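Both of the next two complexes hold subunit A, though its partner changes from subunit B to subunit C.
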Partner chain A sequence: MKATIPQPRRGSGSRADARFQAVIVALASIVLVTALAYSVVLLLNGASAFGREGLGFVFGSNWDPANGHFQAFPFIAGTFFTAIGALVIAVPLALAASLFIAEYAPDWLANPVAYLIELLAAIPSVVYGLWGIFVLIPATLPFQKWLASSLGWSAPIGPGLFSAMLLLAVMIIPFIAAISRDVIKLVPNDQREAAFALGATKWEVIRYAVLPYARAGILGGVILGLGRAIGETLAVTMVIGNANRFPQNLLSPTATMSSIIASNFGEASSPEFVSSLIGIGFVLLVVALVVNFLARIVIARLTPQGTV
Partner chain B sequence: MNTDRPIRLQTENVGVFYGSKDAVRNVNVSFRSNTVNALIGPSGCGKTTFLRAINRMHELTPNTRVTGKIMLDGQDVYGSDVDPVDVRRRIGMVFQKPNPFPTMSIYDNVVAGLRLAGEKSKVKLDETVERSLRGAALWDEVKDRLKAVGSSLSGGQQQRLCIARALAVEPEILLMDEPTSALDPQSTQRIEDLMESLKQQTTIIIVTHNMQQASRVSDTTSFFLIGDLVEHGATEAVFQTPKDERTEAYITGRFG
Partner chain C sequence: MKKLLIAGTVALAAIAVAQDAKTITGAGASFPFPLYQEMFAQYNKTTGVQINYQSVGSGAGRTQIIAQTVDFGASDAFMNDELLKTAPGAIVHVPMAIGAVVPVYNVPGAPDKLKFTGDVLAQIYLGKITKWNDAKIVKLNMGVKLPDLAIQPVYRSDGSGTTAIFVDYLSKVSSDWAGTVSKGPQSTVKWPVGVGGPQSAGVAGLVKQTTGSIGYVETVYAKANKLEYGVVRNSTGKYVDGGNLKEVALASDSKSLPNDTRVSFTNSDIGYPISGFTWILVYKEQKYGKRTVEQAKSLVDLLKWMLADGQKINEQLAYGQIDGSALAKAKKIVSSITYGGKAL
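Entry: the complex of A and B
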């Protein structure tokens, strides 16, 4: 008996398919080409900064536009300090919030709290910046003064490294908390029951069954927060003090890669100045790519292999 | 039925409510030490609900309530002075779907319960791993790769790992909720073989959908229907000379 397998319709159908594919490929290429193009443009325009200063552009600390010195290490360090500091503050708080929402709070409380936290992510960063200047800095200044006087540091002015860390922490908490909550909710219930059935308390269930299972996803949220903290510009520029030098201590004004670009681009008079700022932009891009790349490796290694 | 063995677990008028709906009513049954006891019945009959009442797992689900008494060695596990954590250490559980902790090694999976109980001695942990894995008939297959993650095992091996994990804390009762329903026939066979030796060290209560399995492995059988315990007795008697016509209808395959 001859099998009657329906054949795909030839003719107009397959031509339409080919056209559709061409459009999709073209659209996708635009994204790729754009990304490639701006990397190249950043590199080409920043190249003269690398050419003049050599490795000193990345590792030197002499940033003196008036005398034509452009060494960006203080800002690279500033970006790392603010981002890492923000993570140190934000991760425990975000994790606690996500555990509260996903594991402890009853629904009538969990849903509004989760919604409010996600709402924080929608606030424009200039608003965060204003809040930083008018609320966060005045509120923490007494603590900053106390810290400075007990450690023998020079008196803080308010804007500075610490204020930037704190503000960034507030800004990235919603990202980390929202993603952590989602991955914690995705932990299969049978994992919780396995731990409960062994005589685990609620906290032990979270520690032994929930967090290990969710760790890759939580780390993904942390990396997203880190990416945001590294790139965040406006709010940081508003509260970091914009001093073109390496910070003397936790409270002193300094700058980050993104804040130095934002606060100087308008006044960059010489071609050297402009190319140095673009060069910093290129370094920032590379840092962001490396962070993402490392994150993917770590996440892949931490993801639990599927159970039956 | 091994009537010479002491009664290990006895229930008095046990009922389970989901909200206002009663899923299980008035269950009075006793299980003797070192026996295998099967709970059978069609889907939704309350056998798993009853099983989960025994180690107080229902407390994890909001709006679920258990009434009556469940006496373990003469003490009500729902007594006001009894800690549910303690109950679950004494009454182990194996689930329908193998659920080893996927980020832990085989070794760490087995000793998870012991570590929760605060055991730190390396010697004791090592001993327990070997004893439990031998008890679960898994030792020979995994002894060379105890550091591998538990989820690298096959489904049947994972379920035996879960049995080893439950055995490690030397439970007085081992609850098994359809432990072979997710497994292939060969793995099922191995776990059924295992039960005969497991009852030397513990008392097993097993929910099963599979009546052949119940008749092969168990000493007693309890038949549940729509939340009621219809019949309980020696497995041979329940299968060959059921007292209730509903039991007979079920085991002869007229419904279910």
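Entry: the complex of A and C
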């Protein structure tokens, strides 16, 4: 028998190959075309909102549909505040949970805990919202009241910026924790053993050998959580208090870009109102793109040389 | 790909088949949704006609009837002349129920049926009356001990016909409100104070949870959530209970109702002052697109039934009935619907 170099099968094989490629290209372009199409539709339908208010649409604070004023800054700010606040609360908790599961807990405990955390990610947001209204808000109201009275703020009602941050934090913890745990587990054992051999304590191993190595992956998880926090609509709408104004303090009711769209789109009567809501949708899309883009840069910078 | 195309064609064909006289599609207001659901279920039982109603909101109801993607739209706010002009044909409004909006509250120690005036409600929602023992509230409720407690106003965060009726009333009774917040029926406004709950259930839930709160919901939600609600003084000085559906129905009889029923009758001189119609919107000339005479007939039969037998369901579900001159005018509107110029 002659030694042959393996070659693609002749005949139908190459035709199948071409066909497969065509299908793949077609399917991939559907995704691209869809993304492009909805950006264009959002921009076209929202353009008149930008046209009427100019930069005021993004930087002005007067949202008064009854009198024809549509300035969306309070909602843009609301989206940023809730998302960043949620991250500040969620990241330490999620990181602690993932370190516990990956480095400290014995298997019989680590697996169920990991499973439970992942289960949290599967809960529908309406359930989170209801939980927020009936459990989280009543439970934190005494703290909110104490905080308001000690800082001289007006009495909080419960729903507001703080409640939304807290609820979002709970919602994004599973994303950050699950990804962090996976990347921490992927840190080669050589890395840990080398550090131990140098006489490092467990904390020092984690601090100097594990976390720097897993940093990019953990950030990826954080970005995913941030994306979820920016886009989350229903649960936030249920606990944020939905006031069309810039929050006076951490506990006051306000709104986010997605919550104002969800609350008002169904009954928006005038064309100006509808186009303003669509315009907010476009701003939300841009914000999401910018955040993702920045995140990619950060991850690229922080990825240690020689790792994937 | 080919298979996908075939599947798509089959699906489209199925939709086309569904557009026969035995199926009627509608979309719009969520406020009358429980009522329509019950009406349509009973109508289906007696006639076999299937009605698909999407409770997507009044705004979407108006948009969809203009776009002719549904057989009827439903809205808590009537279409103004400007909007009617954007439709490809004449649209008529058929009132189907009257909704009453009551002020609900959670004040420890306060009895049910506290008395309110429109001005007091406006002052509360403007943030000018901030305590339950404010002299203006105490004066209306002599003999009731009201606590020194901050008022927490609660409103609907989603655009809603309920809000439209409530703020329309406030703008009629308070020049302060009309000057600073809104005029006429508006489905959402810039609330000077307070916190917003999603949907009626959200408002009811917030009021139930928050000590010192006041909110506004349709009567049915006040009753279902066992919330205390106030009686409101109408323009003749009488305190009227929005839970009394006879008083609610009476309000639409108050002034000379226009023949097309497009009117807001809040602050009426008889009956309960915070109430309004909810309408079904259909084209006066039913011959448009690919509609058949059977489809048009089927739709008109439904509307006739809703104004006759259907009205018996209204009070069971805490909606005001269309009655008296309003009923006569509604029936006249339905009989004016034509197909190809001929009455149906």
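Here, the second predicted complex is superposed on the first by the 296 of 308 C-alpha atoms of A that agree within 3 Å, B and C clash if a C-alpha of one lies under 4 Å from a C-alpha of the other, contacts with A are read in each partner's own complex, and residues count from 1 in each chain.
Please note the rule applied: a contact is a pair of C-beta atoms (placed from the backbone, for glycine too) under 8 Å apart; a residue touches a chain by one contact, two chains touch by 3 or more.
Since the structure is predicted, the reported quantities are computational estimates derived from the model, not experimental observations.
Peer 1: Kindly say whether there is room for both subunit B and subunit C on subunit A in the superposition, answering fit or clash.
Peer 2: Because the two structures are overlaid on the shared chain, the partners are seen to fit without clashing.
Peer 1: Looking at the overlay, does A:Y213 come into contact with subunit B only (first), subunit C only (second), both, or neither?
Peer 2: So A:Y213 only meets subunit B here.
Peer 1: On the chain A superposition, what angle, as a multiple of 10 degrees, is formed at subunit A by the C-alpha centres of subunit B and subunit C?
Peer 2: 160
Peer 1: Identify the partner contact of A:I133: answer first if only subunit B is touched, second if only subunit C is, both if each is, neither if none is.
Peer 2: The answer is second: A:I133 touches subunit C but not subunit B.
Peer 1: Of the partners subunit B and subunit C, which touch A:R192 in the superposed model: first, second, both, neither?
Peer 2: A:R192 sits against subunit B, while subunit C stays out of touch.
Peer 1: Compare subunit B and subunit C by how many residues of subunit A each one touches, and report the one with more.
Peer 2: C
Peer 1: So in the superposed three-chain picture, is A:P142 touching just subunit B, just subunit C, both, or none of them (first/second/both/neither)?
Peer 2: A:P142 contacts neither subunit B nor subunit C.
Peer 1: Looking at A:G152, would you say it contacts subunit B, subunit C, both, or neither? Reply first, second, both or neither.
Peer 2: neither
Peer 1: Of all C-alpha distances between subunit B and subunit C after superposition, which is the least, in Å?
Peer 2: 49
Peer 1: Using the touch definition from the top, list the residues of subunit B that touch subunit A in their complex.
Peer 2: For subunit B paired with subunit A, touching residues are 55, 57, 60, 62, 85-86, 88-89, 92-93, 95, 97-104, 112-113, 116-117, 149, 151-152, 155, 158, 162, 165-166, 169, 182.
Peer 1: Inside the complex, what are the residues of subunit C that reach subunit A?
Peer 2: 1, 30, 56-60, 62, 77, 83, 150, 152, 157-161, 167, 181-183, 186-191, 194-198, 202, 205-206, 209-210, 213
Peer 1: Which residues of subunit A touch subunit B in their complex?
Peer 2: Touch list, subunit A to subunit B: 106, 188, 190-201, 204, 208-209, 212-213, 215, 302, 304-308.
Peer 1: Can you check the complex and tell me which residues of subunit A touch subunit C?
Peer 2: Answer in residue numbers: 23, 26, 62-67, 69, 133, 137-138, 155, 157-160, 237-238, 241-245, 253, 255, 259, 262-269, 274.
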